[in-house]
Amino acid sequence: MLIVMKPTATEAEIDRVLEIVETLGFRPHIMPGASRTAIGITGNRGAVDRAHFENLPGVSDAIRVTKPYKLVSKDLRPERSVIKVGNGEIGGDELAMIAGPCAVENPDQVFEIAQVVAASGAKFFRGGAFKPRTSPYAFQGKGEEGLKILAEVRDQFGLNIVTEAMDEHGVDMVNKYGDCIQIGARNMQNFSLLKYVGKTRMPVLLKRGLSATLDELLLAAEYIMAEGNYDVILCERGIRSFGSHARNTLDLSVVPALHKITHLPVIVDPSHGTGRNYLVDPLARAGIAVGADGLIIEVHPCPEEALCDGAQALLPNQYLELYEQVKAIRKVLTPVAETVSV
Amino acid sequence: MLIVMKPTATEAEIDRVLEIVETLGFRPHIMPGASRTAIGITGNRGAVDRAHFENLPGVSDAIRVTKPYKLVSKDLRPERSVIKVGNGEIGGDELAMIAGPCAVENPDQVFEIAQVVAASGAKFFRGGAFKPRTSPYAFQGKGEEGLKILAEVRDQFGLNIVTEAMDEHGVDMVNKYGDCIQIGARNMQNFSLLKYVGKTRMPVLLKRGLSATLDELLLAAEYIMAEGNYDVILCERGIRSFGSHARNTLDLSVVPALHKITHLPVIVDPSHGTGRNYLVDPLARAGIAVGADGLIIEVHPCPEEALCDGAQALLPNQYLELYEQVKAIRKVLTPVAETVSV
Amino acid sequence: MLIVMKPTATEAEIDRVLEIVETLGFRPHIMPGASRTAIGITGNRGAVDRAHFENLPGVSDAIRVTKPYKLVSKDLRPERSVIKVGNGEIGGDELAMIAGPCAVENPDQVFEIAQVVAASGAKFFRGGAFKPRTSPYAFQGKGEEGLKILAEVRDQFGLNIVTEAMDEHGVDMVNKYGDCIQIGARNMQNFSLLKYVGKTRMPVLLKRGLSATLDELLLAAEYIMAEGNYDVILCERGIRSFGSHARNTLDLSVVPALHKITHLPVIVDPSHGTGRNYLVDPLARAGIAVGADGLIIEVHPCPEEALCDGAQALLPNQYLELYEQVKAIRKVLTPVAETVSV
Amino acid sequence: MLIVMKPTATEAEIDRVLEIVETLGFRPHIMPGASRTAIGITGNRGAVDRAHFENLPGVSDAIRVTKPYKLVSKDLRPERSVIKVGNGEIGGDELAMIAGPCAVENPDQVFEIAQVVAASGAKFFRGGAFKPRTSPYAFQGKGEEGLKILAEVRDQFGLNIVTEAMDEHGVDMVNKYGDCIQIGARNMQNFSLLKYVGKTRMPVLLKRGLSATLDELLLAAEYIMAEGNYDVILCERGIRSFGSHARNTLDLSVVPALHKITHLPVIVDPSHGTGRNYLVDPLARAGIAVGADGLIIEVHPCPEEALCDGAQALLPNQYLELYEQVKAIRKVLTPVAETVSV
């Protein structure tokens, strides 16, 4: 059930709706919008009786939701969401650039890259302290020590920190040191973890699973939002196919397909999406051209010595060139993006 | 590194090797075998010097492992592992049948099915108390209440309980009430969870992820074993493909491909592997014909009322017929299976 | 439109229906069955008026077909079709075994294998004279010279010849020398070729394309049948997926899924379906266990010297063992197969 | 074997090499380049002895080719090929736009669209007279009548005609009426057809198969080139995956991956690549941003009445907007494209 308030609805009228939802034993999710406020209801089994709401003062409409997702949907919030991450924004007019190394290795490596990223004008820094590795014998990340280095990057360079958590302990740590919790592709349907980050009030970067459908991705976001955390950024990072010229198959059609259904921002990860240095730049350009709200890019001063995923990292100067290119493409799009987004 | 002891090695000689491994700061994994004991070493970065071991009394050989996996490998243990689950065994001569409802719904439903399963001669009972559901609004399982019902099934019917855990809390609960922890397909690369179950001493049924390669499945098992829990059962449950005649594409070739590399037992789940009632029986037959060590089958007295996955559940009498058929096929295979397994 | 005749319908009554269909400018396809004859109509654009037929003597029913396929469907012919190939049958009670080398290389090679195949009791011999190869520089087959060798195999050993054609010229050649035209996976949607073989009166072995859905496979068969050739045998030979432990992913669930919809026989090719010698035997067993009507198996006395696909060929003694195993599994199934087929 | 001539080599010296290749019983393929001419050799079994060539006057180097493809490779021709199609070019500095209806339906429909396409400044017109349809009962195209309409479009509007052939007869027809033969995705490995178009001297637009790897696509082109037709344009049109938000998954990473290996131009088909009207525009932008040499786009004045694939056709004004956008993006790329192409 979705309650759409009149543009003229008062705060008291909205509060009255919230109260009734709670009295019925359900959970209200309030979504303020440009022209009107909507209230999503979860926690109900079966249909909610519209009669509870449709005649209340300030209520414009009470709509039954027939799609599997509610809170991610544009039905609830027709305009696109802009998510605040630290002092930056993802989903707004400006292209969001998140750059940094795959893994935090040591302060020198991190600061060297952070300097490049900050100088480029990007607002977000990435770097993993907890690394989900296919093999138990591969480098697993520096843990809290790595997060402290990232926190220093924020202090020194004013960059907002996006970093992955793999479990509840990791979420608590990232909550302490970072600005945005990344949930990796392999955890996209780790529903317990989704619920846990849903209980935090930190923005979540949710990566699409390797074989996740659009619906599954949206429902994973719905898991987070149903717990009351509405700051979710979706990320396409390549799906698994039969192809072998790239590590994954970057499915760019999912970006406009998601924008058609959801108000959440969508970014693209051409580094994991291709796994090959020489493919990152063209696919980053394509990601912005297709309408993504931002990019997440791996940068390393010395890719061949990287402890993780060196083959896909860009050199600092490659990163700077890429950034200029995608900003120019974004400029071409600007008037169109608005039309398309409706 | 893999230390192969002589068939004549004494316990003291074995202990001496374990001690040296620990002194070096590594972790020894002892694998007793029919003809000789082997000791796997993990925790090393880079190669271990063979000189530490090759001249010790009782040591036959010190072999560098070049494959990405160590403890799952037949190099460590040439004969197949037989895993004890409660008072039953998986991986031995007898086909292991695990049957029961998708989800624990209520005592009546569970006991009705358990009676059928026990009467059929199966030793293992399945039923989910924690359900990983694509939607946050779908039935999420009965939790501890469900586990208590399952514990009663064990007490009343002598069946060994196989049930899923989705997080650390769930693992603790299953450890308390069940006999075997199932890790679902969507958590196959939830590495934190794998490490956690690796620290228990309860057998683990590890389901292959929807787009996991053979190597990724083996390395997920390696995560568990590297923590000291060697009782892992692998399960093929269908991969994601373009096909739509079944919910998933059951990849039966992975069964002999796994048996070629690993000593761990491999079972097949034709219920999730097909998602359609009428396909469960033929694919169960095929799973046994291809050489699987067992099956996990969903049974429900009233599939159209099931709270979860009714479309793939068998009626009790369908299940009984299936069981007879697969036992007859298993009999045909018996002499071959031994040849194939080498 | 599908005209179902009464069990008591006379030949004259059937002829009258055929005549009317032709008068309307459509094409009638007569399908005699165990209990009644049915007549499929193709060539119509839009719906055919039932009034033309429903009151004719001998007509039981005139049914509008809403599925995309007509002639392949069990609606037209409820019982399974048994296809005559030379003096053998595919689709009947007996498991059909088609064995032989991938490519015809020379008379000695072919006769050596033919002797093994004939001695095993198999009725069908495979061997390619026209080889669809990924590279233009790979061995392309012996052409007509190869077909002459195959014709000699028939004369000497009484085996029925199944061999591939890749174009109209090849179809004419196979029509001259062989007993069954194979259409390879890469030509499954070569619609011009399908129409051309549809105009012959030779049985067609139609292999499923590497990424063909069940519907696409059935519609490819429909292309052949719409031209008047009703003797089509379907073949699952593996689909393309992300997996790398086998060359293809054998999708055995398609066998019962096809049997549910179509009256055509379905066989399995575990040689191309796996591409690895050690996987052929277990997947052949699984193919028969899942309910396939037969197998097509590559045999070579010296696989490492084969000009094509040696890695998947069985040695003669491996083939003989496999044949014994699958016959034993078939025996287990027999009563079930009948139930399943309805 | 690949013979690289010196930049100073005379025509006589080149002729001498060609002559020797032919004397050896092989086929020479001459590839003139900006700075030097190279000669590819096919038809050899096993290695060619370098001694035949390395000391000839004018020869710079004789290189053994170890990759599976020869003539498509940048080893043979380091600079990108520009293919002449009628009076237009594909692969050069200018973005190639091929637009038109899916199928030729009638003169009015075709001329209406042709007017839009010509007015937009595009040089190429698409439209199918022979349609490969999944069902034998779907509209199969107008055949020669359709081709005549297309020939009139060329006469009236000066557009160059790109149209599909499905068999030898179709190739002969297209050769008579059109400017470029399209080989559809389902015929990408119809090797007989590839050889046949290789014998024409008309440019070929070769679409990637639904599950074709990069190597398979290049080897399909190699089939055409080995017959002496070097004018091949590659086209990415979406691969088959598990996704369902679009009809196919457009794999844009294949564009730079192909450009890295081959000198042939690569275009993108976002119409078939997505199958949904609203996705065509963003994916067209992405296709150009990723570096494609052109686009092939379906346009229809009245998509809901189209006899074929209406769901993916653009309205004329949508097409015009798209064209403006992609030209603007192309302008952003221009300096980069050159760097990337090396």
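Per-chain numbering from 1; labels A, B, C and D assigned in written order.
One rule holds in what follows: a residue touches a chain if its C-beta (ideal position, glycine included) is under 8 Å from a C-beta of that chain, and two chains touch if they have at least 3 such contacts.
None of these values were measured; they are calculated from a predicted model.
Chemist: Please work out which of C-D and B-D is bridged by more C-beta pairs in contact, and write that pair.
Modeler: More C-beta contacts join the chains of C-D.
Chemist: Relative to subunit A, which chain's C-alpha centre is the most remote?
Modeler: C
Chemist: Determine the centre-to-centre distance between subunit C and subunit D, using the mean Cα coordinates as centres, and give it in whole Å.
Modeler: Taking the average C-alpha coordinate of subunit C and of subunit D, the gap between them is 35 Å.
Chemist: Using mean CA coordinates as chain centres, what's the subunit B-subunit D distance in Å?
Modeler: Result: the chain centres lie 50 Å from each other.
Chemist: Using the touch definition from the top, which residues of subunit C touch two or more other chains?
Modeler: In subunit C, the residues touching two or more other chains are 211, 240-242.
Chemist: Which of the residues in subunit D come into contact with subunit A in the complex?
Modeler: Residues of subunit D touching subunit A: 211, 213-214, 239, 241-246, 249-257, 260, 273-274, 278-279, 281-283, 285-291, 321, 325, 328-329, 332-333, 336, 340.
Chemist: Spell out the part of subunit C that touches subunit D in their complex, as residue ranges.
Modeler: That would be residues 42, 68-70, 132-137, 166-170, 186-187, 189-193, 195, 210-211, 215-216, 219, 222-223, 226, 240 of subunit C.
Chemist: Applying the document's contact rule, which stretches of subunit A touch subunit C when the two form their complex?
Modeler: 240-242
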